[in-house]
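Heads up, the next two complexes both have chain A, just with different partners, chain B and then chain C.
The block that comes next holds the complex of A and B.
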């Protein structure tokens, strides 16, 4: 038996090697590199001290973790949940509508961002429409800044959240809604008390995934934003440290901090999920 | 009242129309003298127990039952009292903190019932609530539902495809087929005096003999079927002399006699096969006309295969059906 058991583990070896080489090894190597600042001999936390005492770096961190992560994901969720709710049932044309919402998934990030850039730039349709309608006189500055990055990120994030949440909503037994209605619940009360609580685990998962994707945002912040200043993200910082300044040690410091925050979020999320699963043994 | 019929006959749809979950394409629905067609389901004051019970999986038993009360902004203490009372009625005290997934089928069914009756609705609608339970539990719950109904006296509409359930639980049965009502009547009427062939077959009549009405007196009917004159008791329906009819009778209401028995109400035939079933025996008899009849007699076999027999069609048990 013991022999069989250890043979069983052997099957995991290829994936173990693969995982170790491609994931663990670079991360450890990167972390070690960050402890060897340029010009200093031996181990040192100087890069980390530098990172956390530089207001520019801290602003980048805040923009990445808070604005790109929390703000964008929250807005996206607010857009996606009602959309998915309305499109959760079959009706004429629902497939077409669902396809339209998830369309941005079909093309690469650069194209998606460019579409938003063109649509909301000074000569884009949106501004032209507002000017023609006489609502504004001069075009609004919607791209090349904070707003641009937020708009482009939402545009790319909504489809991912949508597919996730739609699947969760569609799997809720429709008789639960009917039961709630016969007990006196209006549509809003059905949503608040039945549908939303039942979809919450999926909504959280979608939110976390959305957060992590946005958090590692690079192209969007570069094209639609103001990458030198307001919309600088950790990825842009890492890239510049590595390939403009050739300070690989600082670059790996930035990526290590970024990875640490990402892992922390995942860890907290998985712990929460486990607790929810242990408490409510429903479903 | 019970809607009874085979699956797909429209009984559940009718029930859902009463609840407002579906809109009727024609016709009007009244609660007392209030027209309900335009009233949305959450304002109808109905209790609905679904076939799959539709308990909210994320809420405890107590929260499930309290759901409707909370929406009606009933005071906390009052909710607690009424939830306890409803759970007592369905004999589920002590299960307040459980989640639906931690209950057996029968218990879930009771929660669904408690959740509906706690609101003391104008109408209680039950959509095959027992069909997901095993046979033994179904029998128990049937009796309990009957008692509960007698306690609460809420107007109840019950949907089922099980004739036994309908007979036990109803004051009135509506038998439906393919969206059309076949018969409305008390369980005794529907069971003994089916209005047509479909109802008769659905209510368990096994034997149908086509015939012609020979005479129709005030109390007695004379019908010629299978070459024999049958004297029958008159039902609620009017029959004309010369009308083509069917004589229907259940297998266990036919009496088996010696093969040469003469006279009215005796059909002649030959035992084709027999099945011993413990406390009864099922005979398949081929009549002289070639028609098959099934007969059930108490006790072990008394006739053999190939033996000539006579079938006594009792005037009290047989019923006439219009074609």
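The block that comes next holds the complex of A and C.
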């Protein structure tokens, strides 16, 4: 009741109605629809049983959660951490390098996927250059498969993670590093013993956000990959169930399952944020 | 000797930096050269001839004038819609005491943590029932689902950044609540609001997945054309490239405008 009496309630009403009508209500409705499979009368978990027993669906789930989520996020972090580490201090040309690294933020989504696809395809600049240099004889198959999805994903993702981790590294007191160096630590030791532990909360946050992006992968797998089989993600499956097979009940089963996994990750993220806030180690 | 050792230890790091910079530059270079090239294939390192005919062809083959208009109208609708929903909420969250504030914020940002189609497909079902498919309003509404939470986070930062003392001074000098809003808050928030609007438009212009759920023949947007150009018979790679450039230029323009005024990390939760 106190909430209803406060003035803030009125300000929050429009956005609340919008999300209530177009987000919450359809999601609940979708969940209920998933419990009414095509052809069956009454409530039934048949769609969920089908999802978790169909090897094709399980393969899609594994690809989305592991091959996209875990593997691509790990690759992105392994690229981002050295990038942020090297570009964390001011030197000649650092602004240019930082701009270049974060440039894909300006055109993510279908544009980034398209131009990566075009550049690494059989007639793109990359293969052309390697062939002219005599390194390869015929074009490498870099797109239309998992490699293409990985390339297009890290192209869009590393810039975001870079800004996150760069902000965290910039807030580390430089005297710590100098002290370690004075005491004879090598660059690698400084990185391993000082920089990395202090940046760990930011790296974890970045990793979770990266995981969500990769787990949600749709258009990237559609254009740069092989959506029919090898790089089929949950979202491609949901779209095809709804718009190709018109089995909306199965489609909402897939969306409910992926939303449940997304919510789970969201709660993990909130808990971590709270812990970090309490410890105050990274703002 | 220590210096030399340090240099060697730094080499793997620099390889990663150069590798990623190459990965960023190659697609952009490839796109720009290809879009203006004629007869560019294997033995030629650079195109033998340059042309703008691919851009003209996009108008002839894809009726691009209609598509560009649709895309623009939807982007404006999304910017207006998301800001008018998010601005009052951002003001309340930044300035007023709202009970359960952190709970409200975390509820409102849930869409950022779910795959677009996971809420898009159920929402599209509702929009079909309301006969809003194949309309500008329907596409704008579904695009606003992931865009509004970001705009809210950005605007909350903008309003929290306005010094509270200014408002208090205005009140001391006899301004009422409405006058304070109009004369103090709005002028100071304007650059931030413009940046949020530009960001919303950039996202709207390049949104493919959600648009494809409700778009119809009368409301085709540029990303839909770009996607369909991949599996339409008789399409040349140059068509894809020319369409990508049509999409790249406005998005990059709006995005760089937005990034000049806001910290990217506040909105860097998800790219697309």
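In the analysis below, the second predicted complex is superposed on the first by the 241 of 283 C-alpha atoms of A that agree within 3 Å, B and C clash if a C-alpha of one lies under 4 Å from a C-alpha of the other, contacts with A are read in each partner's own complex, and residues count from 1 in each chain.
Everything below uses one rule, namely that a residue touches a chain if its C-beta (ideal position, glycine included) is under 8 Å from a C-beta of that chain, and two chains touch if they have at least 3 such contacts.
Since we're looking at a predicted model, the values are computed, not measured.
By the touch criterion stated above, A:66 is placed in contact with neither chain B nor chain C. Applying the stated contact rule after C-alpha superposition, one finds that A:86 touches chain C and leaves chain B untouched. In the overlay built on the shared chain, the residue A:197 is in contact with chain B alone; chain C does not reach it. When the two structures are aligned on the shared chain, A:179 is found in touch with chain B, with no touch to chain C. With both structures placed on the common chain, the touch criterion links A:229 to neither chain B nor chain C. When the two complexes are overlaid on their common chain A, residue A:52 makes contact with neither chain B nor chain C. Counting the residues of chain A that each partner touches, chain B and chain C differ, and the larger count belongs to C. In the superposition on chain A, the residues of chain A touched by chain B in one structure and by chain C in the other are 186. The part of chain B that touches chain A in the complex is made up of residues 19-21, 40-44, 46-48, 50, 52, 54-58, 67-68, 71-72, 99-102, 115-116, 119, 125. In the complex of the two chains, the chain A residues touching chain C come out as 2-3, 6-12, 14-15, 18-19, 21-23, 25-27, 29-30, 33, 79, 82-83, 85-87, 97, 100-112, 114-116, 118-121, 123-126, 128-129, 131-132, 151, 154-160, 163-164, 167, 186-188, 209, 212-213, 215-216, 218-219, 222-223, 234-235, 238-239, 242-243, 248, 251-252, 255-256, 258-259, 262-263, 265-266, 269-270.
The part of chain A that touches chain B in the complex is made up of residues 173, 175-176, 178-186, 189, 193-194, 197-198, 280-283. Chain contact summary for the complex, chain C toward chain A: residues 5-6, 9-10, 12-14, 16-17, 19-21, 23-31, 33-34, 41-43, 45, 84-86, 88-89, 91-93, 96-100, 104, 106-108, 110-111, 113-119, 121-126, 141-142, 144-145, 148, 152, 202, 206-209, 213, 223, 226-227, 230, 237, 240-241, 244, 247-248, 251-252, 255-256, 259, 264-265, 268-272.
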